[in-house]
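Take a look at the following structure, please.
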Amino acid sequence: MAGNSYGTLYKVTTFGESHGEALGGIIDGCPPGIELDIEAIQYEMSRRKPGQSAIVTQRKEDDQVQFLSGIFEGKTTGTPIGFIIPNTNQKSDDYSHIKDAYRPSHADYVYEQKYGLRDYRGGGRSSARETASRVVAGAVAKQVLKDIKINAFVSSVGHIFIDKPYQDLDFSKTESNPVRCPDEASAQKMEEYIREIRKQGDTVGGTITCVLQNVPIGLGEPVFDKLHAELGKAMLSINAVKGFEYGSGFCVAKMKGSEHNDLYNIDGTTKSNLSGGIQGGISNGMDIYFRVAFKPVATIMQKQETIDNQGNVVEMMGKGRHDPCVVPRAVPIVEAMAAIVLADFYLLNKTYK
Amino acid sequence: MAGNSYGTLYKVTTFGESHGEALGGIIDGCPPGIELDIEAIQYEMSRRKPGQSAIVTQRKEDDQVQFLSGIFEGKTTGTPIGFIIPNTNQKSDDYSHIKDAYRPSHADYVYEQKYGLRDYRGGGRSSARETASRVVAGAVAKQVLKDIKINAFVSSVGHIFIDKPYQDLDFSKTESNPVRCPDEASAQKMEEYIREIRKQGDTVGGTITCVLQNVPIGLGEPVFDKLHAELGKAMLSINAVKGFEYGSGFCVAKMKGSEHNDLYNIDGTTKSNLSGGIQGGISNGMDIYFRVAFKPVATIMQKQETIDNQGNVVEMMGKGRHDPCVVPRAVPIVEAMAAIVLADFYLLNKTYK
Amino acid sequence: MAGNSYGTLYKVTTFGESHGEALGGIIDGCPPGIELDIEAIQYEMSRRKPGQSAIVTQRKEDDQVQFLSGIFEGKTTGTPIGFIIPNTNQKSDDYSHIKDAYRPSHADYVYEQKYGLRDYRGGGRSSARETASRVVAGAVAKQVLKDIKINAFVSSVGHIFIDKPYQDLDFSKTESNPVRCPDEASAQKMEEYIREIRKQGDTVGGTITCVLQNVPIGLGEPVFDKLHAELGKAMLSINAVKGFEYGSGFCVAKMKGSEHNDLYNIDGTTKSNLSGGIQGGISNGMDIYFRVAFKPVATIMQKQETIDNQGNVVEMMGKGRHDPCVVPRAVPIVEAMAAIVLADFYLLNKTYK
Amino acid sequence: MAGNSYGTLYKVTTFGESHGEALGGIIDGCPPGIELDIEAIQYEMSRRKPGQSAIVTQRKEDDQVQFLSGIFEGKTTGTPIGFIIPNTNQKSDDYSHIKDAYRPSHADYVYEQKYGLRDYRGGGRSSARETASRVVAGAVAKQVLKDIKINAFVSSVGHIFIDKPYQDLDFSKTESNPVRCPDEASAQKMEEYIREIRKQGDTVGGTITCVLQNVPIGLGEPVFDKLHAELGKAMLSINAVKGFEYGSGFCVAKMKGSEHNDLYNIDGTTKSNLSGGIQGGISNGMDIYFRVAFKPVATIMQKQETIDNQGNVVEMMGKGRHDPCVVPRAVPIVEAMAAIVLADFYLLNKTYK
């Protein structure tokens, strides 16, 4: 399996299965001399971890990150930062029922076809637990980018959505509710809906919106490595993501040029920002905002027919502790991937000076 | 400027500005022994080139590709394939009015901020003319992937869209009309709408849908290099693209797990295909389909206020020959980028055997 | 710091300082389904570790590798293999004397100039302890390449050298003596010389020769990624290496074409093998052999003048437990790097089939 | 074939066979705003080209480089620099005798084994003509590195060598003789020797020494991407190179630590420079110097037995115009590759500021 690295200059490589000894990763290319706030990193981990509230999975995972290198007397040294997150609370016997059968809309079948075998415990490498390492690398990236504000939040769950522009939201409220929706009225409705879905033994999709503010002009590279292309890849690489749009997004397809163009102010800022802070693949100093669509979790507490590796039809039902809706816990993951992308382009942009 | 390469094993690197001597590129990693059908490549070029019909730009560009290496006695040799596309019909004087001023929603301003200077003729490197090189590389990739069918088509222009699933369309009709929409009734409406928009001196956005059929099981790499993440990056790297979704796409955000899961048939195919042919980032042998949103062309034949590099407000109006709607000509570009991504993963997947 | 990854398809990324919590790394791209012999890996670690005999450093390092992922029921799964090697026996106080002063011919000064700070304990990342992670990755690579024989050995220490061609040596004797020289007469002289050097508080250089047998035809890529160019980089990246030559090596500079050309046998093998098994950067099926020069360890048990970070002249003398000659312990490192390079090209070559 | 790119930030990709339409390449990542001296680039081309003097091959190649992009009003724009070098004087019929037979110690056999076919005209991609593109990319890199002095020269031909340290040489004399040896007495002997060798229908090897001066402290990355490791790979990737050593090189193997250590002056410079300007893989501000060994050209004007692709023994004799000794023309190639490596690390080092 290739594909476990992200970035060119701020380069993150991760490893780990959901039921192995540990997950972890290496951040290569982190600039030296940064005083790392370890608590801030652990805080991001706690936002992602299961068991935070009644509407997310009740699995207990400690998700304590241990840094093994690259930090000396509290500062980054410029050498690679190795870290692990031990798997402390995994029960492998929970997963014996999927040893031979392929869960619908999971990666079981394709892993076995591609690799000839799979670590079936909890989905192995395809488990969303993999994203824990991304959150660590993103939390470090945030500290590289001290002046940039990165705010993701849940903008819809099922048919319930925030019907305000992001400018009218108070991001400081995102963490005030278990849904991670800064609009409290919407948050309450979403929470109720998720409880209801869970009672049905079902799951539901949602969207996350992310706003990047104070991004310097000039990040992103033209042609293949446009800033939004890389953000798109980063988001689409997160488990369960099915769509990405930035700025005016899919709505743009119905618009006219005369409506869509962002006219300039005298200082180079723009009067409108349908471009979403990026032109020609390069940040223009305006807010960058994008939206990410997540599918409903495939593991449901209802009986489904499926097949096993002998070609038999078998019946299967989700066991254990799963999220009825993945978006609340995905908020820190979206922020982490955005931070990793920005850190990489930020370093790359220094080579032009 | 970095970012002019795409792919790891089937690696494409391009160069060229709209008004330089030539565009071109290098395909490194093309397998040896492929009998290249040069006419098929030139056919793809003709699909992208301007001046094909009344509803696209009337600029004349010959877009003749010249291969300089990597082919011997009609076959690829495994060595890098270098090619150029001379710029034969560029009028630099057309662009003097934008030498000092920044066109709204174009890359003029950010290029100058990032690089300190820019080739202002026709947008230079940020011109969509850059995509000609992608079409060459994609046309070669299609020949590497002889068994895979790649069909893109215009699925909407402005508010007009095909209201049928792609399974009900006859892709052989895509080239029968200037819009490249295989649903003839929709195609006619779209064409009329584009003519109307052009009369207004305006432009309009649209969407392209792409269907990949007969893709072998196992393409794509888990975690960061998921197949759909790479397809998303590839599409978002095309000029004017604002959004990407695959399978159930953004609709998924409103769905329940019980509705969304694709149940298996006994042979490993699935009864439904909301997953869009990809699970856990790996192709599962079902059709892959995705949708791409394009913004309206920023150059309009109407007066707009903007600023120049002295900080003055100036008035500007599009000159010359521009597309009122970009999607018809973008169809071969979408196919090209899809082919490049698939060729790369196809080669990578061979390393597991 | 960048530069902590090696390889494209068999990709190794490492981290760790000599006195941090642990060293470790990630192997991304190891093929699935390989039954890993963990003892064989640990055996390679024991060849590299300090304290094996009277002529190497008497530091005790356990060098137990712990695999954290990528292996399931004894087989590689194709997912990234994460591993750590805890630092169990480090005494940081040994190094307080070099906190502010720069050891001659060490990396202390340049690290501080480049990064603005350094982890001075035991050389930090610049310590040869870093190579422990390489040995793990190389030991796994050897198991990917079951049919290829990789044999390195000490071919000279100071002025003492083996005066036989490698074809006359019995590689099974390499491990029979602490110098790792398969020619027993030379081994004994080398051992005596190293003991003598150590008594003087001095150190001495040497060379390692490596022979790769049974390499399939076709490994290596022309132009920049020639097989010997990559082997050269891999060897030169090992601490203390100052030179690399393959086949006829530096002697070639004095030879004539009529003497140097390797004429073909009817089966495509060659009558002589001055080419060293590589032509045009591609393996030709003959033995590959190369030679690597190591400098004497810079830390000596004699007083030397040096400077500190305040610009003062200070006197310094090596403390602790250092190798009088590095080549015996470098043998498994040379083999490891050769295996990593071959594994990468081996996988890459599969994409042509 | 992969492996036609070099560098991460200053990234060079090349294409072209000796008898195709043209060679060429793309430089991606060249900083913007550099006033390119095109004549200086063409001058480097003329140093490499055949037919310069009586002791090199009498083939006529114009080697005129044409830049196609990335330059505007005399300055680099930061976009990729595409260039071609048309093949104007190739006679394909010269090569019919090697269509089916494999020249000894050439790449004919391995190319055919690896790729299944080969462009046999003049060696195709394996021809040293490929290095013309490197010289272009290196000549541009030299202009990126205005303050760094890069001087290569012929230090030996056959058994004749300069017996002075490089500090006693006047590099301005390198171009004063056809051998490119700055020591005029040695140059004359070398020239005579090469004439004699040519009369014998034979060829001879040699060495090139290269000195890099005024390199800033801090270039190079520890562990795998050490500055000397990358220089080594770059040199070993040049056709006919068999060995690389830097600083004290292979001699180091006989030295003691007490002799080899470079002691510091109070300003951070060192009293001696056996390290060759690099410590721990990072430049320390002292002169970097290294030596490269070239084999004798494999094509000789004498009869040799070889085999053809039907397994027959055939007799072969070199035809046409070949170099009796490759080192005089390789001097600009060595400089070019050194410049490419330095430019890449120079840009990378900016990311730490």
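Going in written order, the chains are labelled A, B, C and D, and every chain counts its residues from 1.
The rule we apply is simple: contacts are C-beta pairs under 8 Å (C-beta built on N, C-alpha and C of every residue); 3 or more make two chains touch, one makes a residue touch a chain.
Worth saying up front: this structure is predicted, and the values here are computed from it rather than measured.
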Each chain counted as touching chain A and chain B at once: C, D
Chain pair with the higher count of C-beta pairs in contact (B-D, C-D): C-D
Between chain B and chain D, centroid-to-centroid distance (C-alpha), Å: 39
Chain centre separation in whole Å, for chain D relative to chain A (CA means): 46
Centroid distance [mean C-alpha coordinates] between chain D and chain C, Å: 27
Set of chain A residues in contact with two or more other chains: 1-5, 8-9, 14, 29, 32, 78-79, 114-115, 125, 222, 348, 352
Chain D partner contacts - residues on chain A that touch it in the complex: 8-9, 29, 31-32, 78-79, 222, 347-348, 350-353
Touching residues (chain side chain A, partner chain C) in the complex: 1-5, 9, 11, 13-17, 20-26, 28-29, 32-33, 66-70, 72, 75, 77-82, 84, 114-119, 124-125
Of all residues in chain B, those that touch chain A in their complex: 1-6, 8, 14, 102, 104-107, 109-111, 113-115, 125-126, 130, 156, 158-159, 197, 200, 202-207, 217-218, 221-226, 228-230, 232-234, 236-237, 239, 242-250, 252-268, 270, 274-276, 279-284, 293-300, 302, 304-307, 311, 313, 348-349, 352
